[in-house]
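Listed after this line are the structures, all set down as structure tokens.
Both complexes shown next keep chain A, but they swap its partner, so chain B is in the first and chain C is in the second.
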Partner chain A sequence: MMLEEDTGLSLAIAQIVQRLKGSSLHSQLERQARGSLHKPEIKLESLKEDIKEFLKTSGWEKRLQNAVYSELNVFPSPCHPAAPPEHIKEPLVYMRKAQGSWEKRILKSLNSMCTELSIPLARKRPIGEQKELLNKWNEMGTDEPDLTLFRPVYAPKDFLEVLMNLRNPNYENGDQPSFRNHLGLIQVPLKVKDIPELKDYFSELGLNTGQLGIDDSTQVPPELFENEHVRVGQTVLTEQDSAAAQQYVRQGCPTALRAELWALILNISNQPEDILYYEQLKSNVIQHDLLVDSLIYKDVKLTASNDDYYFVFEDYLYQVLLCFSRDTSVLEHFSYNSATPPKSYIRGKLGMEEYAVFYPPNGVIPFHGFSMYVAPLCFLYHEPSKLYQIFREMYVRFFFRLHSISSHPSGIVSLCLLFETLLQTHLPQLFYHLREIGAQPLRISFKWMVRAFSGYLATDQLLLLWDRILGYNSLEILAVLAAAVFAFRAVNLMEVTSLAAAEAVLADLSTLKVMPLLQIFLFATVS
Partner chain B sequence: MATDPVPCTVRSPVTLQVGDVKTDLARPGVSVIDVALPSAQPLDLQEIIFKNSYTAFLTVRVQRRRPCDVGRDGARKWVTCLWNHCLMPSPHTEAGSQDYFSLSRHQLLCDVDQVTAVRLILRQPSPVWLHFTLEELRLYPRGQQVSDCWVDFPSWLSHLAPQQQPENLHGGVPDPEKVSTEVQQLWVLTEMIRANQTAARIGRFDVDGCYDINLLSYT
Partner chain C sequence: LVLLQNAGHKGSYGYHKLKEREPRACIRFKCALTNTILDILRRRPGWVEVKEEGEWDFYWCDISWLRENFDHTYMDEHVRICHFRNHYELTRKNYIVKNLKRFRKQIEREAGKLEATKCDFFPKTFEMPSEYHLFVEEFRKNPGITWIMKPVARSQGRGIFLFRKLKDVIDWRKVKHVLSLLTPPNFFFFFWEDDQKDETQVENYVAQCYIENPYLIGGRKFDLRVYVLVMSYIPLKAWLYRDGFARFSNTRFTLSSIDDHYVHLTNVAVQKTAPDYDPEKGCKWMIQRFRQYLTAKHGAEAVETLFAEMDNIFIKSLQSVQKVIISDKHCFELYGYDILIDQDLKPWLLEVNASPSLTASSQEDYELKCRLLKDTLHIVDMEGRLTGKEKRIGGFDLMWSDGPVSRAEGNVDTPVNGSFMANTHLGYNNDRKKQLKQLFRPLHTQQKV
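The block that comes next holds the complex of A and B.
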């Protein structure tokens, strides 16, 4: 956006102040400032300076800094004042249209499921049922409702078909193969980074920088890197500095510190009001039953419950996802998400705006595999309200980009194009071979990226990967890892002669070590 | 408070092409948009705002009428006030292709007072795009604020006098330009905050306790 520096800065400041104004941090700061008036060091002549000094020494300035940093990370930089709200959601018109059509398909699918099964989208639970649910809140996994009639609204491969058909009407999409057509499945000309740019962007993953996931292996003496890294991590936690934590986790989190470091980066503090908010969501779940709940049950039963690592967390998953569906604060993220929350009307009041509501209340319809976004977090957080907040923040910062159509560099379309471009540029023989046998590489790697590799990698490796997602505030590392996996198994893949055989070579990623793969692909491959 | 753009006639882009337009297979990479201003009043230009549509580089020329030139031939001269400004950093890809841009007078190479016509020369070197142009072109005159969300500064803010300094001040007199810029920013900030209410949600998703809904709506 062509905004001069000064105007852009003032606008950014004003927007952040506006957003923080209604927050609990704001009222806490006011309360602290008022309380400090009793202190002897606060003098009337220099009231403003003394209060500012007090807030600094008591650590409240740092909390404000962390909140501002969080806002800068989450919300896009201020747009040109002439840009309408839909432009901020997604600047390219044809992508907005494609997202709209995709959403319409999902709504039709949900509506037809609703009509076929004669189940309402939402209903108030009778008192008896409410009591029963409250009693078994901590063991909802023991319930075995009949879910055979429910089907997931869509699966990743349906979404891939839509992305494959994305076309810019102003682009020369000829049938004849030419330099204009991409050889992969994605045919939109988005800008993606090449390896020199990725090397620069991910410079902390370089060969000369210590990494957890490589330099903490048993053969390496801990004095060389690990001990010092843990010490630095503890200092970062004592200082409670979000920006420093984000920089720190680029080299990986020590297991013992990971939960706190992620909470610091995501600016989650689990205050009493947050716990109260979670309890309020829980009571919403008790009071109203949603059709979406059955979709969540079905998804958890099909995916996480069948996974060796995650089946123990089944109950946690219900506690998080059912509450997530009722959380209206999630609606805020639609200002920068290309998607739009589905709308409905109270029965009998069709078309009357005062009776318009969003469905589900948080505007997010889960798809097949959605619960896998939550499952890995259960290893880190055991208190339901904290687990909930961490997941919600991860969703509105990162995961929503994996299932909506947008031109954002971390959006799934860009990730797919980045993956295909990396593979084609650096493993051209492999790319050509797979294409020739009808095994377009994206058909295999798409499901990995949509789930951020959850359920495909071993948990410790997945957490090391998600460290870097948080550290770089970007999902591009998913595409790089996908390409690195193909590079690693290139020899076997060159020998296969069908899509099914290629899938078989890449079926099991549970033995892979993520950081060495990334390092070799980015920094040690001769191209 | 919100300024109206100057009413002007924006002609459709004329492409410049060597060779026969009908038989030449190559797509043109240059086109020109002429903007005619109401001839009676030459304009002091403050800002040009537009929405890009796949143009990669922009050159802007203005025709100025200078009082010293009146009476002579060629009383109005064309000057280039923006040269090859990059709108799309990577012309084969989408970055910047549909973004909003604004060019204000102090970013331009020359003085843009007494302007009688504006010519925008668009270049798109990449052959992959079918059409390129600019949309929603608006010219804003000087002397008024240009964006909807900015409020008018009281005039006294623009004319802050240097501070009266007591003799025992350490260091020099603070730069009045800097002080006035900072005060302006702070003032805009407070005005915006006062004008806007907090957007914090209450958290209710039902209507008066009822969440009994029909099917999902497609509109």
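The block that comes next holds the complex of A and C.
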């Protein structure tokens, strides 16, 4: 036992060291250490200890800690030293296969659009066009390109159809569906938490713990919770401690501190080299036009520009998403994402690996609603390069799981199953009723979860929800909230007799307060 | 719910005279508009619409009726009407400028230069042509500033244009001729309509310093619409509504280069709300959202300072016309204040509207206007339910009652100890339903006995 734990630990340490070795933090630490040699407190006899002490007092040790913490959060712990890379992406074979065929479908759709419209996947812009785009960089939204021929590559409901057909070939659950079986759309046996486990997991959301989103409402005197919570938040920021911040935001972020707290948790510091990197991406956008750019334009125009609150940020969305498509550093996350970036071949060299490139360069093909991942962040970050980095980090930590097929507990398949199980277990009458009238609950809640509720909740509520995603480093809260919403509107839903009517009851979530809903569902409902 | 008592009344002027604060059998109203306010009046329990020549207890009139009829309409004590006779002292650009300038001088005399700077929230404005020479002096002192010409009376949105060259202001006919020669796409332009046939209606305009560094969100310029209800000027009693909105311009803000020889026109006017209809759906943010956005960006303290400065604008502007407006007790008025925030988070008063648009541009907007108007009618209190000491009614907070009103517990008369916090909650959560329920419940049970 001890031996295995040790090997696991040393393996993890080795991997983290490996990843941090090439990072800018490493070179900064080296530079700092070298620079400290001139200081009087560094003595030759105790060089190692003195430098360590210096790094501690100057805050660099804290930064290293934050970086390590970040790595631990993002990269999965190695299961076994001999595990092949596909296993890290996704351990279950049937899931990998399903993801593979889904990807083939997406690519086929993209390629056929390409051929139909005779548009190349990528082309270099003529100088005149480059100049024009540079001038218009801050107001790309004023452009009205003809996007009628473009259509989104897929929409969430297409993806749901695929998930509904997922089956584990090694699992036979009997012939007749009955109350003992799962009545929902997802028919794969993944382990999901039940309410007692969720209560434990989300213990900081309990009734006896102060929450922003509940205990900061106008009727509650701020001395009871809010003032102290804000003070603690300011301390966390002064200490610049990622781990403490992550624990802190479980109770919600004060509005004025949220931007910095999220940056601390995601370990984003907006160094000069980060700004430079963003500028480089921007120049890539200026120089080359990609087919996916039109998809991005179309998505922004269809979704964010139509939203009452996010239309204002239209230009920022282009500035983030166009750069995102060209960011090859995003490719790194495919080592733990079940998806694989699509490959494209230079004209005439199909199949020849030397002429293969990933397309788009970041390997992520946007779908309908993709821009809504970025929109809420515009509320917090106004400097393009910082906004960009925050979004990129959110994507490679969380959002990618919402549109790839995997067995991960925060993957969309698990979230769907968690949602359906919670509903079937705790509101069986409602679930059965909805199923009978052809309104499977997941058909309605799927789009909420795929978008992490962006565009469905009021912005301040959405940000309180995303506080908890960051705090718990998990997306399971999305499934719990979806179930809580159904529970909240159960009375009305019991009256409806069609899918359309059920959709209508759940069409407008903009008045919901998420924290009370979550608390009631998890901690105050008699099951 | 209105308590029914003393049912029945006689027609014409001989109707049963009730004491001012007694609950009435039914409240007869007239309404000159056909939008949200009509819906609200029709739905109000115990209120009955009267036709053309019928007697009324309440009239939501329009300004033209007021101008023609107010002076020779007898109104009983209890009757209420939604405008002050000479509200234009506050709402016409040339008058408010005059009143603010005079008020500022008064404050400087009484309280010193520093205190007087609290009145510096109105962009420098000169009336044309009477202050033409003063304007020229200012123009020469500060070359390069962009000035905006605005019509004095209605903000129809027409006739607003920017200029940098003095000679453009001199001859209106020449300017109009020049305008007619301009063709798109170089400039946006408008022909302004003269309500009167006389072409040289130069006294209809003011030249105002154009704020060149507005605060931008998403690269867009916006202004704030805030609602202030004045129940009387002497003493000054004013309420501030918690809801409001930010109106965004559709275009990205740029001060395009102004050609030396021509006036520069923008479509600033297009964004101005016409009195009746705002076709720009989706170009508004509720003010709560705006307040949160600013707090996330600048922190709570900076935002509180900004909103306190806006309170200052409301109060000072009302105080500046306090002595000139005829404070008829039949009158109340719901003003729409237009505020522009600049990049230093300083608020500027653009104008005050006595007839803010009550037409809704979206469902959310409709609900806001319903709340606003319902609560306005609660405060007018034709039903006689209030004590007069309330500090909050629905979404309205009493901002000024012959003196600043404190947020501390208790009613208007309760003495305040400790530090003073203004009783304003602009951009706060508007949990009016709950508050109204609590407010009206004791009175209801009391009257039943």
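The working rule: the second predicted complex is superposed on the first by the 517 of 527 C-alpha atoms of A that agree within 3 Å, B and C clash if a C-alpha of one lies under 4 Å from a C-alpha of the other, contacts with A are read in each partner's own complex, and residues count from 1 in each chain.
Note that in this section contacts are C-beta pairs under 8 Å (C-beta built on N, C-alpha and C of every residue); 3 or more make two chains touch, one makes a residue touch a chain.
Please read all numbers here as calculations on a predicted model, not as lab measurements.
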(message) Between chain B and chain C, whom does A:151 touch in the aligned arrangement: first, second, both, or neither?
(response) neither
(message) Looking at A:172 after the superposition, I want to know if it touches chain B, chain C, both of them or none. Which is it: first, second, both, neither?
(response) first
(request) Could you look at A:97 and tell me whether it touches chain B, chain C, both or neither (first, second, both, neither)? (result) neither
(message) For A:306, using the defined touch cut-off, is the partner it touches chain B, chain C, both, or neither? Pick first, second, both or neither.
(response) second
(request) Using the touch definition from the top, say if A:142 reaches chain B (first), chain C (second), both or neither. (result) second
(request) Applying the touch criterion given at the start, work out whether A:23 contacts chain B, chain C, both or neither, answering first, second, both or neither. (result) first
(request) With both structures superposed, pick whichever of chain B and chain C touches the larger number of chain A residues. (result) B
(message) By the touch definition at the top of the document, which applies to A:231: first (chain B), second (chain C), both, or neither?
(response) neither
(message) Touch test for A:460: chain B only (first), chain C only (second), both, or neither?
(response) second
(message) Looking at the complex, which residues from chain A come into contact with chain C?
(response) 138-139, 141-142, 217-218, 255-256, 258-259, 306-309, 311-316, 378-380, 382, 459-460
(request) Spell out the part of chain C that touches chain A in their complex, as residue ranges. (result) 217-220, 248, 251-252, 282-285, 289, 292-293, 295-300, 362, 364, 428-429, 431
(message) Taking the touch rule as given, give the residues of chain B at its contact with chain A in the complex, in rising order.
(response) 49, 51, 53-54, 90, 92-95, 97-104, 107, 127-131, 136, 147-150, 181, 185, 188-189, 192-193, 196, 198-201, 203-207, 210-219
(request) Provide the residue numbers of chain A that touch chain B in the complex, in ascending order. (result) 1-4, 6, 9-11, 13-14, 17-19, 21-23, 79-83, 87, 91-93, 104, 107-108, 110-111, 114-115, 120-124, 168-172, 180, 188-191, 277, 280, 284, 288, 326, 328-329, 331-332, 342-347, 350, 354-355, 357-359, 361, 407
